[in-house]
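I've put the structures underneath this note.
Consider the two complexes below, in which chain A is the common component and chain B and chain C are the respective partners.
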Partner chain A sequence: MREFAPLLHGYWYLLRGAEMTLLMAVVAVIPATLLGIAIALLQIFGSRFARAAVVGYLFFIRGIPLLVLLTFTYYLLPLTGIDLPPFWGVVLVLAFYYGAFMSEVFRAGILSLPRAQWDAARSLGMTRRLMLQIVIFPQALRLAAPPFVNLCVNLVKATSLVSIVGLWELTMASREIVERTLAPFQIFLGAAAIYFCICYTLALYGKYLERRVLHGH
Partner chain B sequence: MNDASSTATEQAGTQRRPMLEITGISKRFGTLEVLRDVSLSVGAGEVVVVIGPSGSGKTTLLRCINLLEDYEQGTVTVDGDPIGYQLDARSGKRVRMSEREIAAAREHVGIVFQSYNLFPHMSVLQNIAAAPVRVKGVARARAEARGRDLLAMVGLSDKADEYPARLSGGQQQRVAIARALAMDPKIMLFDEVTSALDPELVGEVLAAMQQLARNGMTMVVVTHEMSFARDIANRIVFMDGGVIVEQGQPEQVFFNPKTERVRLFLKRYNDRYRI
Partner chain C sequence: MPFDPHFLARLFPALLEGAEVTVELAVLTMAICLVWGLVVALVQATPGPLGWIAGAYIQVVRNTPLLIQLYIVYFGLSMIGMGLSGFASGLLALCIQNGGYVAEIYRGGLQAVSARQYEAGRALGMRRWTLYSVVIMPQVIARIIPPMTNQGISIIKDTSQVAAIAVMEMMKVAQVWVESSANTYDVFLGVAIIYLALTSVANVVGKLAERRLAFVQ
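This part shows the complex of A and B:
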């Protein structure tokens, strides 16, 4: 038990790091989701120009590792004269990065509905906005929920990368304790356990949503 | 248009105010001409049944009426009002109405589909009341009361709070009829509404349609149920190859067809279904 003394001393610090991790994930997932929905709609209904722009963006994002994008933005932002606190810079990158993947999830959800649902809604005199609001989105979002939660799990884990640009969160906190205690194994075991608890809870929720989709209403 | 169809149109058209006017609709899917200059006038309260072989353009014609399918030429009016395209008074050119105008015009045309197409995430009553409330701005309580009346009419009073997945095909299709009626349409279109049903469930849907016809609803019905067609129709329209080949009163078309094409179709049909 004595081997885990460093963890017992540092656990409060780790939990505060976890708090920061969660905060970052939650703050980033909101714009990422909105962006994802907007891009999905643009890709389905947008003009030829808008669709081309969206495809270019998705192509760009998918081809670059998040770590590179974070580092690049970290050095680029000051040069452009944009004075953004590191936290918001990171949130911005996470939102743009995960927004791209979320758009695919939402697009798939919308397109997987049978055309007949659109026909029925149109035949009742609904405008496109109303159709989306009361017929398409309620069904598409339900279909998109399980892969959406899966992306959220990914996002939580991806926040561990932001320590590279000096942002303090769970991984960074772990490294700091390790530097003081020289007990990397114990400390990172604790950090891993915390990540696991967050992600496993999310994944369970995703499974629950998936069952609900499969078994209907 | 040949002689047979023009005389029949005159017969049917004289005594009734026109409710639906289809004028010279042409449509193609790529190189395939699905509809070729089709015109059809349906009087108020008239029940027109469209029959013909698969791929003859019946369903497409029906879907063109409320612009679920677009078409390259022609116009449609419902009760005198254009739906989809308007003729410019000066140039005589066809102008597409705005999406908002088209949506508003669709209110007056109810359609029931082969595959029911109920909204699976809404209860039966929500399915019926959603459009009246959200499109026409009817108060929810009133829309739901009317929804319950319509459910009673199609014999499903006890299913108001069920979800579509828990209903049989025949029940779902009757809900679909009620949903279309809830918008108080001027005309109802039926697109092979019994084709996806188990044989023992067909009767309940046809009964609901018969009831509707008796109440004086203007109806255009695409169906393969020939005996039903004979019973319910004021006029039979036979389509093949994207044109109306023959039309007339049910007795005439079924027992004394003027064209060889219809004779052949009916003979094949009878041969297949003779028990």
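This part shows the complex of A and C:
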């Protein structure tokens, strides 16, 4: 057990890093979700121009690594003269990146509803807004919930990349402790265990939602 | 001065050299994971402790960040006297992580094959090997090509994280060029174009494989 002494000394610091990881993930997931819903709606109901713009955006985001976007935002933001604290810079990048993936999830949820739902709503004379609000969204969001939670797991994991551009969170905290203690195996395993606790809890919740979708509720 | 043709003429050969390492990492990872993931998926389907271990492996690697796995392999193994080169560490970490995802894809494909297919094969007196190679796997492969293509694209993007342990793949080359030239726009443009080209090629390969091998709807 003596080999794990550095981990015992450093665990409080790691937990504070985990707090920052969670904060970053939660702050990023809100705009990412809103953006995802907006893009999904644009892609389904938008004009031809809007749809083309969305397709271009998705192609760009899905073909380029998140690390590239993070790194170059870090280098480019000062050049553009936008005075944004690094925390909000990476939150913005995470939101734009995951918004693209979330839009797919929401779009699939909306499109997988049976045609009859739309026809029924329209035949009752509902406006599109009302139809979305009380017929489509409640059902589509329930269908989209399990893959949405899986994306949240990916988002939590992706926050580790911000340590490469110098932000302090769990991965950065573990690297700092490793530099002091020279015990990479123990410390990184400890950090991995914390990530696992966060992500596996989310993943189990996703599984639970999936079962509820499959077997009614 | 952005978009300087002389600078771009020097930049692109260097980036392409990095891209070569990126492609090597991605192709090797995909090739190894196609085998490793299948082994994990088949073992996971067996009852008993081995199946449980395979299941735990899938959950652990999918719910911890690649970057932390990379640090454990690169710094951790060297600390206990089994140090690997940067390239080998990167490859190992990429295979550990993506093996979990690929195994999940295989598992989904195997589950989608109806139990009657197994019974029919056995009723014809097929041996286990024949049953799998002639009846089961062709159906599994036909179903898993789209998710496997997505995984391949995500592997290409994941290779950028190997830059964190100073392997000279494209992302690292780009970082070096940004820091030495301050021509950030051009480097970003170059990196983005090459990554988009690589992921597009992966997409096309997936589509071709789908046309060739997907006979089940």
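FYI, the second predicted complex is superposed on the first by the 216 of 217 C-alpha atoms of A that agree within 3 Å, B and C clash if a C-alpha of one lies under 4 Å from a C-alpha of the other, contacts with A are read in each partner's own complex, and residues count from 1 in each chain.
Keep this in mind: a residue touches a chain if its C-beta (ideal position, glycine included) is under 8 Å from a C-beta of that chain, and two chains touch if they have at least 3 such contacts.
On a predicted model such as this, the values are computed, not experimentally measured, just so you know.
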item: Which superposed partner A:153 touches (first chain B, second chain C, both, neither); value: second
item: First, second, both or neither for A:55, with chain B first and chain C second; value: neither
item: Touched partner set for A:135, first chain B, second chain C, both or neither; value: first
item: First (chain B), second (chain C), both or neither touched by A:122; value: first
item: Winner by number of chain A residues touched, once chain B and chain C are compared; value: C
item: Which superposed partner A:67 touches (first chain B, second chain C, both, neither); value: second
item: Complex interface listing, chain A residues touching chain B; value: 114, 116-117, 119-128, 130, 134-135, 138-139, 142, 216-217
item: In the complex, chain C residues that touch chain A; value: 59-60, 62-69, 71-72, 75-77, 79-80, 153, 156-161, 163-164, 171, 174-175, 178, 184-185, 187-188, 191-192, 195-196, 199-200
item: Touching residues on chain A, where the partner in the complex is chain C; value: 59-60, 62-68, 71-72, 75-76, 79, 153, 157-158, 160-161, 163-164, 171, 174-175, 178, 182-185, 188-189, 191-192, 195-196, 199-200, 203
item: Chain B - residues contacting chain A, complex; value: 66, 68, 99-100, 103-107, 109-111, 113, 115, 117-121, 130-131, 134-136, 163, 165, 179-180, 183
